[in-house]
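When the chains are written out, they are named A, B, C and D in that same order, and each has its own residue count from 1.
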Amino acid sequence: MDRYISVKDLEDGALELLPKAVRDYYKSGATEEYTLAENRRAFQRLRIRPKCMIGVLNYNLSTTVLGETVTMPVGISPTAMQRMAHPDGEVANVKAAEAAGVIYTLSTIATSSIEEVAEAAPNAIKWFQLYISYDRQITKELVLRAEKAGYKALALTVDTPLFGIRRADIRNKFSLPTHWRLANFDDLSSTKIHDAGEGSGLNNYTDGLFDKTLTWDEIKWLKSITKLPIVAKGILRGDDAVKAVEAGCAGILVSNHGARQLDGVPATIEALPEIVDAVKNYNVEVFMDGGVTTGTDVYKALALGAKMVFVGRPALWGLAVGAQEGVQHMLRIFRNELECTLQIAGTPTVADITKDMVRHESAYSRL
Amino acid sequence: MDRYISVKDLEDGALELLPKAVRDYYKSGATEEYTLAENRRAFQRLRIRPKCMIGVLNYNLSTTVLGETVTMPVGISPTAMQRMAHPDGEVANVKAAEAAGVIYTLSTIATSSIEEVAEAAPNAIKWFQLYISYDRQITKELVLRAEKAGYKALALTVDTPLFGIRRADIRNKFSLPTHWRLANFDDLSSTKIHDAGEGSGLNNYTDGLFDKTLTWDEIKWLKSITKLPIVAKGILRGDDAVKAVEAGCAGILVSNHGARQLDGVPATIEALPEIVDAVKNYNVEVFMDGGVTTGTDVYKALALGAKMVFVGRPALWGLAVGAQEGVQHMLRIFRNELECTLQIAGTPTVADITKDMVRHESAYSRL
Amino acid sequence: MDRYISVKDLEDGALELLPKAVRDYYKSGATEEYTLAENRRAFQRLRIRPKCMIGVLNYNLSTTVLGETVTMPVGISPTAMQRMAHPDGEVANVKAAEAAGVIYTLSTIATSSIEEVAEAAPNAIKWFQLYISYDRQITKELVLRAEKAGYKALALTVDTPLFGIRRADIRNKFSLPTHWRLANFDDLSSTKIHDAGEGSGLNNYTDGLFDKTLTWDEIKWLKSITKLPIVAKGILRGDDAVKAVEAGCAGILVSNHGARQLDGVPATIEALPEIVDAVKNYNVEVFMDGGVTTGTDVYKALALGAKMVFVGRPALWGLAVGAQEGVQHMLRIFRNELECTLQIAGTPTVADITKDMVRHESAYSRL
Amino acid sequence: MDRYISVKDLEDGALELLPKAVRDYYKSGATEEYTLAENRRAFQRLRIRPKCMIGVLNYNLSTTVLGETVTMPVGISPTAMQRMAHPDGEVANVKAAEAAGVIYTLSTIATSSIEEVAEAAPNAIKWFQLYISYDRQITKELVLRAEKAGYKALALTVDTPLFGIRRADIRNKFSLPTHWRLANFDDLSSTKIHDAGEGSGLNNYTDGLFDKTLTWDEIKWLKSITKLPIVAKGILRGDDAVKAVEAGCAGILVSNHGARQLDGVPATIEALPEIVDAVKNYNVEVFMDGGVTTGTDVYKALALGAKMVFVGRPALWGLAVGAQEGVQHMLRIFRNELECTLQIAGTPTVADITKDMVRHESAYSRL
C-alpha cells in the first residue's frame, strides 16, 4: 500500500488493474465529460487562507452527522456493484469504513445485500441509498430491511429519473458480469441486468425499476413507513434544497452523481454555496460529493458550509487495489491530508473552519 | 450506424471518408477559425441547473415553429452542395428530416433542385434558404418555385454580401466537382462554379450572384411577391434583430454562418440573449445555429430563449457516413440526448425550459 | 507568392529561410515573451458585431493620416536593419509601400540611408523614426536630412531609454553582419555594432547612442528645428499620451515596441482604449502597432479608436520571402482581409467603424 | 556562467546536475503543486505600465530594509540544508550575498552553523530564520548565538506548525545524506534526520522539533531575550499581519513557504495587496517571496507595496550550478533585469515605483 501516496495514485493503480468495461463504467461521466473535469477543476478556483500562530494544541477531525459521531468529515458515497472492483465488494468497503469510523452508504443496486453488509460490519455507521421503484412494495421492503439491519439514514437519490448517457458504457454494451447479482432483489429481476440489448444493459434494467413520476410528496410516504432520517441526494439548486427540507428531509447531499447524469451541470463545489445559503434558516445538514480527492478539497467544502463530504470513486479505487485494506488506505490518505490541512490552516477542529477561510480566486483580481 | 454514439463520432467518421477538398470545404471557418472553436466552447461556459423530483409523467420534445409542429426543436440548416457528401445529397437529407418530423432547409446553392427535393419528401416541413441576386428576376423565380413546391418559409441569409475567407478552400482552389451542378439555376450560370481561377471557385461564382447592395427595404419587395414567412438568417446584434422584425420578418435565426463569414464575431450562443432581449416585445420567433452538437447544447439555447436550433455540419457528417440513414441517425442522437436532458433537468416539455434553468459560469464565482 | 495565403504563412516561410541569428533577432520579445504572445491573444478577446443588410455600394479602405491620404489604414512600422532579411532591405520595403499607397517608416538604425530610401520611392509617404542621440548635432542632422528628403513625419520613439533584454540575442551574441552598415551614420560609429562583446552587440552600440535623459521638453527643441509633425511612438498610458500632446506631438503611436522592451506590459490593443479616451478632447491622431496580423485585428483597433495601425514583423516576413513583391503580397493580404471584413461587418468605409462594432468578450458573460 | 542568461536557465542547469532526491526536495511544493505553479502564473496576470521620457539620469536600485542599506531590493530567503546543493552550501551562499550587498537569511535547519556563516561573510547583512522548539532553551541559545554573531534580524517562520506534505519526498523517503549534519544543533538530535522511517525523514525529525502550540504571545518572550527586530515569515492574510505587528513584529514577510506547506493557498503576489492594505497605518515593512524569478516579478511586487522581495530556490539553483559564483550570477541576472525594468518603466529609483505602475489584467477588460 505504501507506494500509493495519494488518491490519484490509487486511481492510477486501479485503472491499470480493472478490466476495460468495469474501468469505463466506474470512471465515466455523462456524454462529453465536461462536468466530470469541472468537478475537480472547480476546487482549484478556491483559495485557502491559513491563519498563523493559533496554537495547535489538539487537532480533532471528528464531527457529528445526523447525531452520529464520525472520526472525520469524509464518508463513502453509494456506488453500484462494488464486487466488480474486487470480489469482496461492499463487504470489504463497509469493513474499512467501520475500522476508520466513517459512514458507509450502500447502494440499492449493490452486489451485496443489505443484511450481508450489516453483518460484516455491525458497528459501522451505515446509510442506505434508495431508488424508489414503480412497485412501492419493493421499495417498502428495502426500507424496512435497512431499518431493521441497523442502517442510520436513507440517502434518497433525487437526481435519477433515468440514468444519464455514458458513452463508454454504450460502446462496451456494459452489463453486470453474470457471476454477480443485484443482491438486494430476488433473483428474477436482478438477472435482467446481464442482458445488454441495445445500449448499456444497466439502463435497460433500471429504466424499469426507477419511478420517474416521483415528486417531493413522496417524502411523506417514506416518513410514514420509516423513522430513519432522509437525506436528499443530488440537489444542485437552492430552491430544490428548500423543497427537500420542507418536504421533511433531514439532510441535503449536494451532488451531481459524480457528473454521470447530465453533462454541463455545475460542479458540486460551485453549487454548494447557493444551497447552504438557501437553507441557512432551516435545521438541516448539508453534505456534498463529487471530485473530492484531496484533504484540501474536503477543507474547502467544509469552509463553504458542508457538514461533511462523501467520496464515490476513491473507494472503488481503494477496493480495486487492495480490498478492505485498499479502502482503509484511501481513508488514511484523506485523514492524513486533512489533519495536515487543519493544522497548517490554523483551524484545528472542524468547527473552526469558517467561511472566511476560503476565497474565490476572482476575489484576488481586485488590487 | 450503431458504432456512432455521438455527433462527434459521426464527424470523425465523415472526416475520414470525405476527399480532402470536400472535407476542408465543409469543416472550415473564416480565416483563423477562432470563432469556429468558440461556437463550441461558449456552450461550455453555461451551466444547466436541473430540478429534482418534478414527476416526469410524459416528456415531450415537440414544439411549433412558425405555426408548424415539429417533433423536436432541432432542424437542419441550409448547407450548399450536399451531393459532395453523398450522391443522394439533399434528397437523402430531406427524406431523413421527413422521417424524423423536423425542418429541412434547402440552400439556394444546392446540388438538387427545389422540385426534386419537394418531390422526394412531400410531407417534410421544408424551408428554402434565399440568396438575393443582382438580377431580381432570378430571385423571384426561385421564390415562386419554392412557394409552389410547398416550402413553408424563406430563410433569407443576411450575413453574406460576399463569402468569408476560408483559407483551406483557397489553398485547395476548391470548386464544385464537374459531375455536379447547381441544380436551382440554368446550366449556363451554374457551370461557372467549376472554374476556380484564383482563390476559391465558389467565391468567383457567388460574387457575381449575390447582391451586396441589399438593405432591409428588400423585405418589402419579397413580401410583395410571396406569402411565405421570412426568417432573417445571420443576425448577431439586438438592433439588427429589431430592424429585421420591423421590416417584416417573422423569425430571426441567430447565426454566424457556421463561423465561415467573419472570424472574431461572437459565438452564436453568446449573442443569443442580446437578441432575445431586443425583440421580447415583438411577435417573432428566435432561432439559432452554430456549434450545436449535443442535446445539452440544444437545451441551453432553448433556455436562453431560442424557439428552436438548427444544425448545419452534423447533417453533412450523417450524410457522408450513411446517406439518409446517417442523417436520421444524427437526428436520433439529438433526440435521445435531448429526451434524456429534459427528464433529468426536470423540465419534461419544451415549454418548461425557462431561463432560470441555465446560468453563466461566471455567476458561480461569487461565493 | 500564391502559396502564402495569410501573414502567418509568410511568417512560417520567412522563419524557415532566415539564418538563426537574424530570425531570432526579428522574432524575439523581451525576456519571457509573455507580452509577445499577449499582443496577439488580446485581439481574440474582442468580438466584432457585424451589421447586416446595410447596402454595400462601394467599400473604401482609404483614410487620411496627418493630412496625407493612404489607400488603407495599415502602414509599416520602423524595424531596424532590414537588409538582413533581404539584400534589398529598406529599399524593397519602401517601394512596396509606394506601390500599395501606404506609409513606410524608416528606422534610425537602418541599413539603407534616408536618401537611398527617398530616391527609391519618391512618391511613397515616408516617415522617419527617430532615436535622439546624446550628441544633438547627430540628431539634428538626421532630422534635417529626413525633412529635406521629403519625409512627412517624425516618429519619435519614446519607449527606449535603452533596449530591452532579448535572451536569444544575448545567446547568439547577435550583431549586424559585417557586410552591412548602419547607413544613416558615418562609417566610424556604425561599425561598433559589429562587435558583440558581452551580450548583444546591438545593445553595446545603442547604449552609447540613445539619450536616456530625455523628457517631454525635448519636443520643444525638435519643433524648433523642424516643421515635420511629431508622432510619439511607444505610449502605453493615458497620462503619457496627454503629456505627449501637450508637449506638441501631432500623433500618438500606441506601441510596446513589438513586446521587445519590457515583458509584462499591456498588449497594445489592451492599452489603446485608455489612450483614446485620455486624448479625446485634443486634436491628435492615435495609431497603434503590435501583433497585428489579420484584417480583423486592424478592424478591432480601428473600432477602438485607432486612426490607423502599423505592422512591424509582417513586413520583415514579406521581405525575407520575396523582397519588394513579398512585402506587397503581405499588404495585399491585409487589404483583401480588410475589404472582406468591412463589407461583411456592414461598415463599408473606415469612418463607419464606430466603437459599437466591437465588444470585449467579458461583456458576453452577462446573461 | 555566461550560458545562463536567466534564472530559468540556472534552474534547468541545476535540475540536471542534482541527484534525484535532492532535486525533488528542492523543487517540490505541497501535494498537487497547484499553488507552486500559481506562484509564478499570478505574476503574469499583472501588467506594468511604463512611463516614457521621464529623464533617466541615474537609476538606483538600492533601498533600506529595517534600517540597513542593500544594493537592491532582492534578498535570499532561508532554505534548509544547502550543502546538498553544493559542498560549500550556506557558506558560498552568504559570501555571494556579501559580494552583492544583499541580505542572506540562514535557516535554522542549515548544514552550516550560525558561526561558520558569520565568519565566512562578516560584512554580509545576515538574518537568522527561526523555528521555535518545544524546548525553549534550545531556541534561546539559537537566538543569542545569532545576535552575538552579528545577525541583523530574526525571520520567525509562522506558517509551519508542521511541514506540509511533499509527495516526492515521501516517495523518495527523503532524508539528509549522512555526511551532512544540521549544524546548528548538537550531534545527538541532528542525526535523527538521517532515518527516514515512514514518510520523509525530515518530517519525523522536525515534528519533534517545532512547537505547534505557538501563539502571537510568543513574540513577547522573544523580545524579552533579544533586541533583534522580528520579521513574521509566512503571512497570507491581512488580519494576521495586523496581529503580527501588534504583537511587536517589525516586518511582515508575505510567503507561502515556496508553496510547500499547503496547496491551494493564494499565490503570494495575490495575497500581497491585502496585507499591505491591512498594515498601512502601522510602522512596519512588508516583504514577499514565492515564485520570483525575473526582474519584472520584483518590480510588480514593489509596485504592490513590498519593500523588498526574497528568493529561495533561485539561490539553490545558483549554488548547484556554480557555488558562490553561481549565486552571484543569479543575483547579477536579477540586478540586470531590474535595472533594465526600472529605466524602461520610467521609475529610475525604487521610491518611484508607485502602485499606479501596475494593474491587474482584469482591469483591461473594460473597454
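One rule holds in what follows: a residue touches a chain if its C-beta (ideal position, glycine included) is under 8 Å from a C-beta of that chain, and two chains touch if they have at least 3 such contacts.
In UniProt terms, the chains line up like this: A, B, C, D = (S)-2-hydroxy-acid oxidase.
This is a predicted model, so every value here is computed, not measured.
**Q** So which chains are sitting against chain A and chain B at once?
**A** none
**Q** Mind checking chain C against chain D and telling me if their interface is mostly the same residue numbers on each side, over half, or mostly different?
**A** Different: when the shared numbers are divided by all numbers used, the fraction is under half.
**Q** Rounded to the nearest 5 degrees, what angle rotates chain B onto chain C on CA?
**A** The rotation relating chain B to chain C comes to 90 degrees.
**Q** Measuring from the mean C-alpha position of chain A to the mean C-alpha position of chain D, what distance in angstrom results?
**A** Distance between chain centres, rounded to whole Å: 42 Å.
**Q** Round to the nearest whole Å and give the separation of the Cα centres of chain A and chain C.
**A** Distance between chain centres, rounded to whole Å: 59 Å.
**Q** Residues of chain B that contact two or more other chains, please.
**A** Each of 359 in chain B touches at least two other chains.
**Q** When you check every pair of chains, which ones turn out to touch?
**A** Every pair of chains meeting the touch criterion: A-B, A-D, B-C, C-D.
**Q** For the complex, which residues does chain A have touching chain B?
**A** 31-32, 34, 42, 45, 158-162, 164-165, 167, 170-171, 198, 212-216, 218, 232, 234-237, 239-240, 243-244, 261-267, 270-271, 273, 304, 355, 358-363
**Q** In their complex, what parts of chain B are in touch with chain A?
**A** 2-3, 5-6, 8, 43-44, 46-57, 294-296, 299-300, 336-337, 340-341, 343-346, 359, 364-367
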